[in-house]
Each structure stands twice: as structure tokens, then as C-alpha cells.
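Note that chain A is present in both complexes that follow, paired respectively with chain B and with chain C.
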Partner chain A sequence: MAGKVKTRDRILETALALFNEEGEAQVSTVDIAGVMEISPGNLYYHFRGKEAIIEALFDNFEEEMRLVLTAPINRPLAIEDNWVFVYIVFEEINDFRFFYYALSSILERCPDLRPRMTRLLKLKQETANAVLKTLEKEKLVAFGKGEREALAMRLAAHLTFWLQYRGLTAPSNDERAHINSGVYATMMQITPYVRENRETYAAMLAEYFSSLDK
Partner chain B sequence: METHLAKKKKKSPPRTTDIARKIWLAGIGAYGKAFTEAQGSLAKMSEESTRLFDDLVAKGEEIEETVEERGKEIAKRVKAQDFSIDDRIKKMRARLNLRQERREDRLDAIEHRLSAIEQTLAALAETARPPTRKRPARKTTAKKIPAKKKTATRKRST
Partner chain C sequence: MAGKVKTRDRILETALALFNEEGEAQVSTVDIAGVMEISPGNLYYHFRGKEAIIEALFDNFEEEMRLVLTAPINRPLAIEDNWVFVYIVFEEINDFRFFYYALSSILERCPDLRPRMTRLLKLKQETANAVLKTLEKEKLVAFGKGEREALAMRLAAHLTFWLQYRGLTAPSNDERAHINSGVYATMMQITPYVRENRETYAAMLAEYFSSLDK
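Our next item is the complex of A and B:
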């Protein structure tokens, strides 16, 4: 029994690694079984096809992403934790990037995932809004009417699509660089709303992040 | 680049509190606390931004009394922290009850397996019969790329 559980987990891990590196469309269940040195029949015993694997991977991702996204809603982050938080969101997405890269294709084949993904995206926006609200309350940023909500929406979209965008505009295998640039671009979107010493803030952001890329 | 950053950090620990305070005084305060991470790059800030920064610090000192309370509190928090962004990410992940073991660590095991299979396949390829040609060819690419990923992500965990 224990062996079975393990095989199931190994299938998921292997599938995730292959999907992320090769693109989900390029990888078949036979490939996964081959890499694991198990028979396709054995794999089929655990998962009835690739979609079942994708859905199981999504279960894991969703559970983890919910933990991440609800944290600042339940309890405001200490301010110095905000960008650490952004890093974590990007890391989670990066670990599951095959899904984001093939979003529309996968949702077409796994229609059950669509409402769940929609909820997750909504939650992402709520989280961004909650974080911005905290910053506003601390008088670090100021928003005109409707600006906070609009920014929250842009941040949610940014977090969702940044890695694909980077993959197209600055292709490289350096995942950490992609994440760093994503965090930088996130912080820069908030800069216009910083109440004081905006230029210094922006200058320091730029210096800090460019120092990471050397 | 992580190690690069870590090295820089180690070099200048004594300046931490001072920089934290300066950042606070510069008015980016709490928001910029994360910037204490930037202490390394602060040191080599361009002349222009250093001047700008000093101006702001001077201005900030004028109103220091009003912000002192909070500045102290933040400086304390900042000081208490390890300045490695990686450590902070790790700590926060723990607080959020997330996986501590990042997937890429577990991928190590997979990588080993993959390279073993790659060798086996290479040997097999020589004796492979034509009908089975297609699959092995594909698996070969499947195997190579995770290996690449490993080097790309490796940096993070160090």
C-alpha cells in the first residue's frame, strides 16, 4: 500500500518536472512512465490519463496557493514582509508554470478546473487589494478614488502573466532572474503611489534589483 | 547571484542599523525596510542617488521626533532579522505552512534517475528496432531539459 502512495507521488513529481521543462503538450503519459521506468499500465492504474495527472497537480497547487494568498487577508503582513510575500507568490507560480503557459488549452481539456482557477485569480486580486489597503493605512501610499482596486487588478494580472511575458521577451533558463525581475516590476507598479520620496524609493529599487542581475 | 548577494551582505553587517535608520529617515521607511537587504548595493549607490538620499535623510532628521518611535521599532525588527532574502523567504514559507522542501530539491532525485535512464537509453538506441524509435527519441529530450533546470534553480537554494 505504502508503495502505491509513493508511486502516485512520484508520478506527480515527475510529471510536474517534465511539464514545466518541456511544456505540457510535449509530454505524454508514456513519456512519464518511461522516465520513471514503470509500465504505462502501472501509471494508468494511478491516473486515467494525462488530464487526471494535471488535475491532481492542480489540487496541490490550489491548496498551497490558497494558503499563500489568504495569509495577508487574514492577518496583515508586517510591512517588511511584503516583498518577501511577492517572492513567494512568484515561486509558487514558477513551480507550476506549465499550467500558466498552457492555460487556455488546459482549461479546455479540464473544464472542472476553470471555475477553480477563476476563483484563485479572484483571490489573488483580493490579496493584492488587502496588501495595498494595509500600505494605505500605514500612510505609505495614497490612492485616489478607485485607484487601489485598479492597481490590485493590474498586480493580479501581472503576477499571473509575468513569467510567460519574460519567457518571450528575455528567454533564459535563469528562473531566479525571472522571479527577481517580476518582483521588481511589481514594486515599481506601486511606486507612483508612494507618498514621500518616491524618486529615492524608485532609485533604490532599481539599484537593488540591478545588483541582483550581475 | 544569490551567493553574490550573500557575500556582499556578510561584508557589511555593522552598518545595518545605521542604514535601516537612514532608510527610515529617508521617508521610505517601513515600506523600504525590505531595502535593508540592499545594504550591499547601498554602499555602491551612484553618486547622484546618494546625494539625493543624504538630502532626504537631512530632511528626515528634522522630523525625526515624530517618527522616532516607529523608526525605532522598525529598526529593531529589521536588525533582528537575517538579511538574506532567501532566509526570509524560507521563514515566511514556514509561517504560511508551506512546503519547506522546495520542489527543485526533490527534483534532484529525479535528475539522478534521469541521467541513469539516459545512459541506458543511449545504450539501447544502438540496438533499438525501428518501430520503437520514436518514443526513445522523445524521451531523450525529456530527460535533458530537467537537467538544465537543475542548474538554473540550483542557485536559489544556496
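Our next item is the complex of A and C:
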């Protein structure tokens, strides 16, 4: 049976791909079964409706996201890893973007997910705060009163909604370009607090990202 | 007939209030007619379905938002008016928040609104850029290469999604508190570029807003 993926996992993979591509509202369980060439009854044996699939997908997403977000809280990132870290967070969100795009509609139908989503967003704020604290301790950035906490909260909101914002303002760009622009916009929020040569640093970033699609 | 509001306008007012309070997905045209104590047929005479109501509400919102957003492009704001201006933008968005909360679902059902929403977001970026240019010209702030444009884009995204973010991370706070926190987070994004005494300025803001609910 080597290489054989379980039906349950295949349902989740197929649903995730369809939700992301076509929007969750456009996709029914019958569509998912159809694409997989299994009977709706077989799908129903694994999941009693679309909300059960969404909840199982959220379980996976939450687990991965918690792993990613707690890493820099448990052990400070090396400076050169911050950039990569922001890419990873955006990529996780992008892999699960249907959820963010249909957020209020899904939370109305799956009310159990609301407090879990709230906790995940708060963890995002804590992680941002921990990363900024490390940069501060290493004397790369300096914050005045209240500045670090305010920036951490803004970064968490930025990570949460940027892909959707770019999907609306630059609809012809692809996912990769949206992620690049999100990482750029993240770094540019931190540069103003760099203690030395902040303008050089900002110019370097602008230069680097102007060579990428965004 | 003095003081008598037309049925069409009353439908729009009632729908807006219900959509904002209960979420657009939860409210049907029959609900709206019920609250108004008119027949569904009378409502149907004015609007052929919920999407027609949403589009008429968007017409109103778009008109008001354009008026607000073009003001600082046509004539620079006085420094002391910037703060008030940010409040006004957040209040407009809050008055129409159901639309932002159900954005992707509404844009799927009302595809004509998508390009209009895109244009409105771009106008928001232009306005933010114009306001920052004025602050720069008056030598209150200084930007390095690429910094002003990046900040303008982030501010537009921030104005668009902040209320939703706070609705999720601070669900027990009221609308007024969400707006206060949004204005604070806006100002705190500009202070790092203040040329002189930026930390004093940030501390003043932190002080002022700590006295408000947020």
C-alpha cells in the first residue's frame, strides 16, 4: 500500500485546492466528490458536510501555524532568518487563503472556529512582539514608549489581511507577487526603527524588491 | 409631506442597520420588509432582490467615500485636521462595515462592484500619498527612497481591514473603541518619520489614547 494516500486526506487536499481556486462559497461537497471520482456517499462517510471539511482543514492550518509562530518565541531568530520567517508566515496564510477571504461567512457557520481564530491572531501579535524584542536587544532597532507594542499589533494585522488587499488592488498579479509585496511591506514597517543608516536600509530593500514581481 | 422619508430610502436605511448588526448573510429581504412592516411585494417593487439593495447601498457609500477621500487631494489638509480626517474615514467604513466583513462573498454575487471597489482602494492609496506629501513639504516628516509610497499603501490597507482585525482580536470592545484603536495605529505609523522629537510625539499619542477605550 506504499504511496497510497488515505481517502480522508485526499478529500482534504482536493477541498483545499478547490476552495482556494474558486472560493469556498462556489464549491459543494458534490463538486469535491466529483473531482475525486468518488461517490457523494463515500465522501459523506468521512465528513458530514462542508463545515466538517472546513473544520478539519482549520485543524491542520492551526497546527502548522502554531508551530511556525511559536518558534521565534521559544528561541530568538538569527537576524538573517527574519526575512525567511516572514515569507514562511505569508506562505502558510496563502496556502489557506480561502479561509481569510470568506472569514466572516465561515465564522458564522462554524462558530467553534471563532475563539480559535482569535487565539491564533493573538499568538501572531505575541510572535511579532518577541521578534521585535530580539531586534531591540541586539541594538539593531530602538523603540520609544508604546512603539513596539503598536508595531507588533500592526504587523499581525498586516500579515492577516495583506494578501486579500493585494488581491483587490492588484488583481492581475499572481500569488507569488502578492507574497513578495507582503514581505516588502513588512520589512518597510521595521526599517524606520533601525538605529543606524535606516535610509540606506530602506533603499536597499526598495532596490531588492523592485527586481521581483509584486 | 414634510419629514416623510421615501420608502426606497427607508428600505436602504433598514437594510444597512440590519446588515451591520447581524451580518449580511443572516438577513433576507423578507426580514427587511418584516422589520419595516411593509409587504415583501412592496419591497420587491423598489428592489428586485438583496443584491440590488447591496448595490444601491454601495452607490451611497462610494459617493460619500469619494467626497471624503478627494478632499485632501484637491486641497492640502491643515496639520491639525489630519487626525480628524482619519476619524472620518474610519467612521465611514464603520457605517458600512457589513460590506467589508462579507467582502469576498458579496463581490462574487455582485461582480460589478469589484472594479469599483478596486478603484476606491486605489483612491485611498492616492489620498494617503497626498497627505504624506503635504507633511513632507511642511518639513514635519522625512522619507527615504520608496518609504512614502510604501507607507501610503500600508495605510490604505490598514484603514480597510483594521476594524475587522479588532473585531476578531478584541471581540468584547465596542465600535467606538475599535475606531479609537484604528486612529491610534494610524498615527503610530507616521510618527517614526517625524523629523524632530519623534519619541516625544509617540509618547504623547500613547498617553492620549491610553485614556480612551480601545
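Just so we're on the same page, the second predicted complex is superposed on the first by the 207 of 214 C-alpha atoms of A that agree within 3 Å, B and C clash if a C-alpha of one lies under 4 Å from a C-alpha of the other, contacts with A are read in each partner's own complex, and residues count from 1 in each chain.
The definition used in the following text is that a contact is a pair of C-beta atoms (placed from the backbone, for glycine too) under 8 Å apart; a residue touches a chain by one contact, two chains touch by 3 or more.
The structure displayed is predicted, hence computed values, not measured ones.
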item: Touched partner set for A:157, first chain B, second chain C, both or neither; value: second
item: Which of chain B and chain C A:95 touches, first, second, both or neither; value: first
item: Contacts of A:203 with chain B and chain C, given as first, second, both or neither; value: both
item: Partner chain in contact with A:71 - chain B first, chain C second, else both or neither; value: first
item: First, second, both or neither for A:18, with chain B first and chain C second; value: first
item: Common interface residues of chain A - those touching chain B in one complex and chain C in the other; value: 26, 199-200, 203
item: Sites on chain C touched by chain A in the complex; value: 23, 25-26, 101-105, 108, 114, 117-118, 121-122, 125, 144-147, 150-151, 153-154, 156-158, 160-162, 164-165, 168-169, 171, 184-185, 188-189, 191-193, 198-200, 202-203, 205-206
item: Touching residues (chain side chain A, partner chain B) in the complex; value: 13-14, 16-18, 20-22, 26-27, 30-31, 34-37, 64, 67-68, 71, 78-85, 87-88, 91, 95, 135, 138, 140-141, 173-177, 180, 194, 196-197, 199-201, 203-204, 207-208, 210-214
item: Residues on chain B engaged by chain A in the complex (per definition of touch); value: 1-2, 4-5, 8, 26-38, 40-42, 44-46, 49, 52-53, 56, 74, 77-78, 81, 85, 88-89, 92-93, 95-99, 102-103, 106-107, 110, 113-114, 117, 135, 138-139, 141-143, 145-146, 148-149, 151-153, 155-156
